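Since the structure comes first, as structure tokens, the remarks are kept for the end.
Letters A, B, C and D mark the chains in the order given here, with residues in each chain numbered from 1 onward.
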Amino acid sequence: MACVGSRVVVDIDVKKKPWEQKLKLHNRWHPHIPSVAEVSVGELVRVEMMDFSGGGITHTYSAEDIKNANLSIVHYLSGPIRVLDEGGIPAMPGDLLAVEICNLGPLLGDEWGYTATFDRENGGGFLTDHFPCATKAIWYFEGIYAYSPHIPGVRFPGLTHPGIIGTAPSMELLNIWNERERQVEENGLQTLKLCEVLHSRPLANLPTPRGCLLGMVKEGTPEWEKIAREAARTIPGRENGGNCDIKNLSRGSKIYLPVFVEGANLSTGDMHFSQGDGEVSFCGAIEMSGFLELKCEIIRDGMKKYLTPMGPTPLHVNPIFEIGPVEPRFSEWLVFEGISVDESGRQHYLDASVAYKRAVLNAIDYLAKFGYSKEQAYLLLSCCPCEGRISGIVDSPNAVATLAIPTAIFDQDIRPKSSKVPVGPNAGEETRRSEMHL
Amino acid sequence: MACVGSRVVVDIDVKKKPWEQKLKLHNRWHPHIPSVAEVSVGELVRVEMMDFSGGGITHTYSAEDIKNANLSIVHYLSGPIRVLDEGGIPAMPGDLLAVEICNLGPLLGDEWGYTATFDRENGGGFLTDHFPCATKAIWYFEGIYAYSPHIPGVRFPGLTHPGIIGTAPSMELLNIWNERERQVEENGLQTLKLCEVLHSRPLANLPTPRGCLLGMVKEGTPEWEKIAREAARTIPGRENGGNCDIKNLSRGSKIYLPVFVEGANLSTGDMHFSQGDGEVSFCGAIEMSGFLELKCEIIRDGMKKYLTPMGPTPLHVNPIFEIGPVEPRFSEWLVFEGISVDESGRQHYLDASVAYKRAVLNAIDYLAKFGYSKEQAYLLLSCCPCEGRISGIVDSPNAVATLAIPTAIFDQDIRPKSSKVPVGPNAGEETRRSEMHL
Amino acid sequence: MACVGSRVVVDIDVKKKPWEQKLKLHNRWHPHIPSVAEVSVGELVRVEMMDFSGGGITHTYSAEDIKNANLSIVHYLSGPIRVLDEGGIPAMPGDLLAVEICNLGPLLGDEWGYTATFDRENGGGFLTDHFPCATKAIWYFEGIYAYSPHIPGVRFPGLTHPGIIGTAPSMELLNIWNERERQVEENGLQTLKLCEVLHSRPLANLPTPRGCLLGMVKEGTPEWEKIAREAARTIPGRENGGNCDIKNLSRGSKIYLPVFVEGANLSTGDMHFSQGDGEVSFCGAIEMSGFLELKCEIIRDGMKKYLTPMGPTPLHVNPIFEIGPVEPRFSEWLVFEGISVDESGRQHYLDASVAYKRAVLNAIDYLAKFGYSKEQAYLLLSCCPCEGRISGIVDSPNAVATLAIPTAIFDQDIRPKSSKVPVGPNAGEETRRSEMHL
Amino acid sequence: MACVGSRVVVDIDVKKKPWEQKLKLHNRWHPHIPSVAEVSVGELVRVEMMDFSGGGITHTYSAEDIKNANLSIVHYLSGPIRVLDEGGIPAMPGDLLAVEICNLGPLLGDEWGYTATFDRENGGGFLTDHFPCATKAIWYFEGIYAYSPHIPGVRFPGLTHPGIIGTAPSMELLNIWNERERQVEENGLQTLKLCEVLHSRPLANLPTPRGCLLGMVKEGTPEWEKIAREAARTIPGRENGGNCDIKNLSRGSKIYLPVFVEGANLSTGDMHFSQGDGEVSFCGAIEMSGFLELKCEIIRDGMKKYLTPMGPTPLHVNPIFEIGPVEPRFSEWLVFEGISVDESGRQHYLDASVAYKRAVLNAIDYLAKFGYSKEQAYLLLSCCPCEGRISGIVDSPNAVATLAIPTAIFDQDIRPKSSKVPVGPNAGEETRRSEMHL
């Protein structure tokens, strides 16, 4: 007879700090962070996780905690989890690890979340030059729905997903990451097109022992020091998956992750009740603690079979994802467009980031006409189930990006309307009960 | 009693050249191109259009015509159409013109299309350095479905839409366009981040009398000369809509276009049977001739009410779109991810264009494992209903973009699979008729 | 090189009578009605058809034509079409004929339709005892949308489909039909549970030469007389498909029809712009003329492979259908329930027809609270894309049936509402721009 | 600051019997069963419930427990719950109680369910004469998915819903129920059309003290005796909602229930992980224990405003339901049709129950061609997310009903197929890498 329910492999007590959890969390990527649990393929397991800040950002309505957030500690992850096949043989480098998301959600008794913008001097966000100050909205969950006293008139079902899911990098891959990101930070602004706009955001977040939590590695040991100096930050998504922030990775999805170390060493965290494409405000999803019920499969030699390196080494790959039929479906969308001309009127060449920025700004300004402050709109577009599309990327010199918002999340009709009496079939209720000719 | 059916305001004879049509076409944006038809709000009208090349690209299976395509002539548009309200008063600058797409499709008897890549030296495409040669695939339509003898094993319903729909610019707006695009072309590559990759593509396409067709403006007159020298090319999408290539602008959509000249002077063309987000191969949709049934509404002062300038003048705006419930819905998607690290392994900073490029390359390489050539996969991803998303735009230094392909368009199962006998519930057909315990 | 577009195998001139068409129509099922066209498998062909009444019901707003409709002439069908395989061998009895609906729609220039109720004494409808009089609503089409001056405030995209598609019966099957329907008519009311309610509707419609049109069979000949006396009426759906009125058989669907005679002899007609499940008012869809683009495939011996007789002979089978992804998708539905207790309060035993009747009556009464007359609501529920479900069929003594209406088809919000000021998150616009705590 | 999470108003210990629960359950409808909890409008509350059998049907793979099931005890309900407005004033007769289903699912640690058929002599089912024996399939849940070792090759996401949700009847309404159901039982078979087929199923289930559980009413008291003799069984759905088995009442739905007694006295139970329309095998959903998170609203005088009596008294009404956007969406369906001719070949008159029966039998026989036993197929169609439609109810003498099965739930392709090499665009993989003409 089969087992009933899932086996809990990582459980979380949200009243405790990240370093006080029974299985200590980690906030860096490194091959030498030891696994904390083992799972077999086909087994349904439950992984619980703290919110990305490990409880640092709280339920208070003040944004003080965001303003002073210590970004060196993000993101607290659960794991690593070592994956074995039916015969007890671990996943091996070169395999693909298929992770099915069978279920996920907030932790019972902790059904709330927050969306925030960091201060420009402390992390910023996509529109930090327009919105330089720390802000925060608290969201409450009513089952699958979220609402916020700070952004009234909106309520939507969450397309809940883990912001971060990834495998441990090998030392070789870790070195590639550190090297290429160091170059960006060092070469800095002169090579960057967006310099005027984004200058106050960090270009990269290089390894630092500051704020480092390394799971079962004992702090103060030489090993801890070495790992802390080498281990990659969790902020960017990379070859191992990681912080990919793909908002549709919800119930019924499947993630094919490359395996770089024996056992795969899967980690996950940064649970989002909901997120808009782009997660524009940076702390932009509805961040929460949560659980994930997942099932693993190993595809032996899957990297060679299914992935193609996109760079100088066989490690330059990306995961693949499958999105299933189980998500909220909206019928009607209001779509905002941006082209790669920036707010100063300057033309950029096929730059989708500039185009998307303009699309988001257009949407914010539009929503401001319906009673929202721009700050509210910015937070809302970060976390509601809106879609960010690259619509055109070839029509020189303009990239076209679009942001589509499901109209059903608002309690008012936000579509443009003529103030005149409508003409045509719907010409007015007075004629509704029109005479039937008999 | 209401009218039955639509009034044809522009009709096309696909056997004739663009300049031989009863109502001559135009391939430039300029306020002084006279309108060829008038429509009233609420009226259902039918606009027919040639394919973007005006018949220059033909039904032959050879790609010679693509190789030698004259890009100075694109895109042939139908219109301009002058729009009046119920009282006969035209749309005025500052209004919004709402255009509902009631129906659209190929012209009867001309149910075919093509997807192509231009030569690197003649326009190129998003991946021109990977695919420098001209290629072409012919598509045949079976009602709402398209299939191609050149890309076997794929068949999909078209999300048919006009690639171009826009209003005429005012002189002031036209001057802004010409000035900013001239700057890009002049400042050229040194300011461009993507220079290594894209150097063979034109940076902008400035006005040129070469290939110019100006509708009712008589060729050879001083007026023609002046307009031809000033008129903007139709390649990029801009403030007036234009070549926005938004693939979901299909049946039941509504487009809110800013009005810059009296009468609005709506033009449309570049009909696509289907297109993927990004239209990556540039000549990348399934290009065809077609018809559009549309209905206009004027929202007086709508620009002020609903749009916010995103630049130094009130003209720096973008249209808004509404997407309706009438489109093919796919349940399952296979998703490819790209991060802003290029093929050389170099890190770019939050660059969605680089990330999307890598996502597309990943998808092409993946499909090549299923029996397609990379050229076939590139064309397919240009024109099938795939979605290009900006998934993460804040996690320095990596932007994350994704490309999602509906799995149902293939006649084989393209998902990654373990070669082992499956474990678990579906463990094999031999056990299907398992004993029921009674 | 493949063919472009479809080959027209039956074309219709809507200005002519059914018997004046180039290829004469037929309104009976009989194996000896000769085929009027031949098609090969894989070929895309176009079949045009008159509306079911052959133009008898007109565009006038008066319902006089409905009141006096001659029901002995329904439904005028196009065909029969003989189907051959690639080698020219016809479909044979025992095969399955797979018909893919590639496209369909109204005829150009005839974009209107009607929904009606017959007089109680002349055909009636599902609710004829509640609505005994002839009524009619004219619908106009704006591309994929329909609206009616007689039912204002409603507009919806059509899920267009042929009401009738079927193969010719063999003589053996025809005899079975005639015999079993004669028994119902003769045994009459005493065996019928619904007698009180439905007494004025005909129990069956047996063969009659009156109104008979038999295609290429020459009128006045002995053969005509014989066929006319034997041929089955087209009103009920039967083993050959026929008038199955399945509203989702729209673009992209596939129909697997059993073959009873050599060549299959496919006929189709009774085009519906839109219909609600049940087609409750009987003349209840939006009836129109139209075209069908279809493609055939023959599955040899498919009846044995895929169908199982559901009665005393191998002919007691039913077709199978495939519904594809291309249809309007509505997000929100208002659902009305009925149980098998009739309007007099009498309990029926697990009777889904009684339950559905009550669900429809509930919905009509509900819509009447929003400004519609009950006659308008009855017509609307006949033709809009509402879903009729058998929700529970086992909970003695009550069957539960439901009728679900997509709320988006109305220009007002038809959901029940509390008149009180709402409480909770959406508590009012005055608080929308609530203070962000910083 | 708002509350986090839901307040538990009924909690269940699945290891205890129904009568041992802290808040005792009830299995009858009666106005005098006292409420066990109070909730306010707007409050998010959690109600837990046992499976309908109160644990009587177990996790064993044998069907013995089904064979000997005591049907006098079904269904164990949680409640009644008294509903108050913000001012503490209870819901009153004549109001509508709007219940939003915010979330629901299995109980943690009890993630399994069962689908069964009762013995013909002990309750039977829709097809009891075809399937007279007790059978049972156990289902395991992997998050939102269910699979069964007894029906291999199938896995699907659950559209989880409460089979029963209803308000307490008034004495007047209860008397109406008892009277009309008594008449059916007494008049018996002679008035029933389906007599030959269904004779072994009970016609109604009249009140009986046998198996009666009445919540807080003390057993053995005269009050208990009186209520037990009067209280209605919970098997049929009725005016108060009750066992309506509407499979789409899942997350995000809203139910508008008439209020017949002060406080509304809401009860719920019979949780279904998944169910097919009709719940054909009677014990036919995936039955489980579970929880419901709900929120109430009172619409004062809502019965008068929104409901219309469908019978001799103002109490003859039915609830209204709203279905939201959050459910699994399937793209492709295989549809089986039935007409109102029974298995003996006898014609019935517009009888949707007979037509649906034939559609279900057709589907069972079809699935049997793919390796399933008919018993497996019968259980599967009872519990998978298939749709039962009344497609045509007016085309005398045949009602047409359809059963649509989402093809994606199977791990094999169940569509009919020609065994020949396909012709046309997808003609074979050998041509996939066809030459691109350059």
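The rule is simple: a residue touches a chain if its C-beta (ideal position, glycine included) is under 8 Å from a C-beta of that chain, and two chains touch if they have at least 3 such contacts.
Each chain and its UniProt protein: A, B, C, D = Formamidase.
Everything numeric in this text was worked out from a predicted model, so none of it was measured.
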| item | value |
| --- | --- |
| Co-neighbours of chain C and chain A - touch as defined | B, D |
| C-D, B-D or A-C - pair sharing over half of the A-B contact pairs | C-D |
| Cα-centroid distance, chain B relative to chain D, in whole angstrom | 48 |
| Centroid spacing, where centroids are CA-atom means, of chain A and chain D in whole angstrom | 38 |
| Chain centre separation in whole Å, for chain D relative to chain C (CA means) | 29 |
| Sequence positions of chain A contacting 2 or more other chains | 61, 140, 149, 324-325, 329-332, 408, 424 |
| Partner chain D, residues of chain C touching it in the complex | 41-42, 86, 96, 98, 125-126, 176, 180-181, 183-184, 191-194, 198, 201-205, 235-239, 243-248, 256, 277-282, 284, 297-300, 302, 305-308, 310-313, 316, 318-325, 329, 331-339, 341-353, 356, 358-359, 361-362, 365-366, 368-369, 387-402, 404, 415-420, 423-424 |
| Residue ranges of chain B in contact with chain D within the complex | 61-63, 67, 133-137, 140, 147-155, 329-332, 371-373, 375-376, 408, 411-412, 424-429, 431-434, 436-438 |
| Residues on chain C engaged by chain B in the complex (per definition of touch) | 1-6, 44, 59, 61, 100-104, 108-112, 138, 140-145, 149, 157, 251-252, 293, 295, 324-326, 328-331, 408 |
